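Order as written gives the chain letters A, B, C and D; numbering starts at 1 within each chain.
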């Protein structure tokens, strides 16, 4: 995109809160209906409350810039590898149009941004996925960016924090190349792991398919937002295949935690603090002098 | 499909019937029909090539699903000696949808693993139609890690529509099991040859598909998603699976071009199910060649080469970035 | 036991009641009873020592089971800062009977794990009375392996009657999970301090009991089998648990003599339940000392020392063998 | 024992088949009743058939020398560390007498013998437990012998084969010292494992408690005899604790295999051959010349 071609080097990009996009937005007015409790919520209040319904705790989906605003220290984010552009390697019918539409809709060039940031003073490599960009699915560019996130972290001796929202899993329009990103990213995770560095994976609603079955579930510590859908096969596929009624709460973060798949469920308002604490516990500053 | 024959094979089949009839006449009635037979044989040869060398992507998918296609255990039987099957994930269950064990390949001890479809309805039910649960992947990983301990090469034979999308599979962490398998398999210090022998469906195939050399049988398919599911999602119409198959570029020939696989193992004309022995012999020859080549690579560089192989996969444009240093 | 008091504490309790009464008089009626009170206090002091320093093995077992004894999470709360509980075995279930996570101990990051009994009936049911399933041990091992990755010392707080002897626990490989935990914990390259804080029952305790330093609270017990089960097996009479407790040599003092533990952490007079804060402070002091000592040992020699520590355990006679070389 | 004190060095001890002891022996006569199918079996035939009922396949318990005869190459066994004698470290009431009785009954000095042997030409370190000696339970001497088995195997670069029959688990009469043998033996297994050597664990009826929850379940490959009881808590304890009816076949080898805990169930008559094949597959002779 043009903005990338002649980019001045912004050592610290200012967070762009105007790019906030809440999903399930049914009205253009001052009020937002909560899809869970059906209450009308005053939008200004919603923004202050991390886009969480005050009545029932429903976590609205948020875009990458709002996420950044919520978790990263202000002014700490330096976006990296913005210059990768998706192609249509399989000449998949309609893919180029879909990419253009997604770019239009989100203002992003792809479904994931990466960069260096600090969380409560703890430096880290940070990647954030945006569900609004083709359901946060992973094609070559997302896979490459995730891989470079870990590579940069190894280079800089930093922990990695990733917010996944890959409901679309591996992006089918790039066929086998999307599938191969599962391998590539998992291998990058393991290189980083073998360098003795921390990887915090935060699963946001929804994290499914090839994203969950690769880098997203390989964190040292797995955190999920309340109610987030987390699993491999989507609930509809499971229902259609098994012709069984799905149990209550199937594939929610709470379900995953009960079944031993994640470490912690953290309210959005507590995320910054919890991430900061964990990062600091794994920081270099704390090694005992013996 | 009727009697194990596809629709598109019908003209050929009828021709073959007529040839057989004429041959019967020749013997029974003592008539010399050799010229007529020769003509028809020639025509059949032509038709055979015409049909089997111009299969559409969807036809290849159907062929890869032929119920008489050799299964993993049949390939193991044909190719390896002294196979000892080993069981269990040491955690929850032995998954019959994935088999594995130790064997020798031309005198060399190897570990061989792979999903196993049933050869009849009863076995299919027992083996969940070859659709693995997480414990199947955990068993496979356990056996592969043992191969690593004993410096045994690994052969992974892949024929799986996908990891089972069931309630219990999700409860026991299907996604996590697949991710762990991919992760750990990538770093094993022994040579790994993967072969897509039939179906290579998505993460369920990739989980055991991280190899130094990745081969594919001529009529196998390997894709990020099954054509049916792709059509369902894209066009809300699973009957357009044929279009999806085309679009997904899932045949061996497509995939070699995309760098996802390294070599194609030829099948008997018409598919592996037409001649199991020949299919087995072809695969054996391919394994001999590929294992031989891998065994020559020093152990130290094997993992780095493997990682590099996957590192470069993907396609994107790297746009020029002009960095002006003024502030 | 009535009102959290053991039978053998009754004389002391009555004395304490009388002292309290006299003190009440002193204030309410403005009478000087200080001499009488002093006499009784002296008597009470004597009785206290008499009772608590001469507890039988069985009395110690009962004391270690006192429902108000501090639980693992209470010790964590008292001793560590910034505890972040982590969950799950990544395979089947998060077992509430074992807790674990990261925290700091006087500024040093550590991993802390331990079985967790319920503090009331409801919690006891949820936590299965602190009796772990295999997934509990698998979670503990996962967290300890992470401690190893990040070079964090491990503190294992042990209070468990035993691994749960249930159908599902057996199905999911209780024996295997315990053995793996023992095996892997033995080779972690970080300092490990284990503390038997209450009950140390058999393999269920040993599974997370492989440490460089193994401490034991004054009134805790640690044994190859619970006294009740031992009595049942030996004499077909579980009411003879008291005899079994004696025979098993399961008190801290016995065990230090047998080399199974390294040090005893003093409890408040009458047991940890009498004064949680004091019990916590004592344990904290012991951890400070022991972690401090271990952090001075070079990482390379830590595992070898740990293995040597266990290698010499056991007692046998090595008979002279005269080998005559004639044939 | 006296025989050990003045021991000539028998490089290869002859196998002592006279020590064969079959359990469930109810008659002193020519016939043996099968406890499973209740048929009367001709004892001579039973001996020929590896002490397996020809009618129903029931595997009778066998003693160490019969086991040795069945699996090891004739004349290959060299017994090691015979000179360890159990003590009564806790002064446990009645323990010394029990030891003496067990020695009397079995002709063994302890519940496990160890030595070097060959199975179908493949050299290995071999340990065999005897259930008749205090239920095959593990005290200090058994633990020490198992440990020395692995240490000798590391020294000699050999695989280990162990036949467990530790229904009694850790021997309670030696208290905490028995429990510590679980640690000691598991650590020896792992040292051997890290030396890259093979450990085949054969679970015979019954292998429970502290024996199963330590070295016995840590084999690279776990094999069990058909119908062998395999588990941690014995079935009676499970039944009493849970007050539930135990499922059919609970804790049998078949049950353990279905639940992913063992690799293979092997008929006694096939054991020698299967062990030989596995040992040979892991032998040094087969490493490819590349």
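We adopt the following convention: contacts are C-beta pairs under 8 Å (C-beta built on N, C-alpha and C of every residue); 3 or more make two chains touch, one makes a residue touch a chain.
Keep in mind the model is a prediction, meaning the values are calculated, not measured.
**Q** Counting C-beta pairs in contact, does A-C beat A-B or the other way around?
**A** Of the two interfaces, A-C and A-B, more C-beta pairs touch across A-B.
**Q** I'd like to verify one number: the distance from the centre of subunit A to the centre of subunit C, where each centre is the average of its C-alpha atoms, in whole angstrom.
**A** About 42 Å, centre to centre.
**Q** Could you work out how far the Cα centre of subunit A sits from that of subunit D, in whole Å?
**A** The answer is 53 Å.
**Q** When the centre of a chain is set as the mean of its C-alpha atoms, what distance in Å lies between subunit A and subunit B?
**A** Here subunit A and subunit B have centroids separated by 33 Å.
**Q** Calculate how many whole Å lie between the centre of subunit B and the centre of subunit C, each centre taken as the average of the chain's C-alpha atoms.
**A** 54
**Q** Going through subunit D residue by residue, note those that touch at least 2 other chains and give them in order.
**A** 259-261
**Q** For subunit B, give me the residues that contact two or more of the other chains.
**A** Counting only residues that touch two or more other chains, subunit B contributes 90-92, 172-173, 176, 180.
**Q** Can the chain contact pattern be summarised as a line, a ring, a star, a complete graph, or none of these (other)?
**A** Topology of the interface graph: other, matching no listed pattern.
**Q** Which bits of subunit A are touching subunit C when the two form their complex?
**A** 193, 196, 198, 220-222, 257-264, 274, 277-278, 281-282, 286-288, 290
**Q** Please give the residue numbers of subunit D that touch subunit C in the complex, ascending.
**A** Per the touch definition, subunit D meets subunit C at residues 4-9, 82-87, 89-90, 92-94, 139-141, 143-144, 147, 170-172, 174-184, 186-187, 189-191, 194, 208-210, 212-218, 231-233, 237-238, 241-242, 244, 246-247, 250-251, 255, 259-261.
**Q** Applying the document's contact rule, which stretches of subunit B touch subunit D when the two form their complex?
**A** 82, 84-95, 102-104, 107-109, 135, 139, 146, 149-151, 295-296
**Q** Under the touch definition given earlier, write down the residues of subunit B that touch subunit A in their complex.
**A** So the residues of subunit B in touch with subunit A come to 163-167, 169-176, 178-180, 182-184, 186-187, 202-203, 206-207, 209-210, 222-225, 229-230, 233-234, 247-250, 254-255, 258, 260, 307, 310-311, 313-326.
**Q** Hey, which residues of subunit B end up touching subunit C in the complex?
**A** Residues 90-92, 134, 138, 172-173, 176, 180 of subunit B touch subunit C in their complex.
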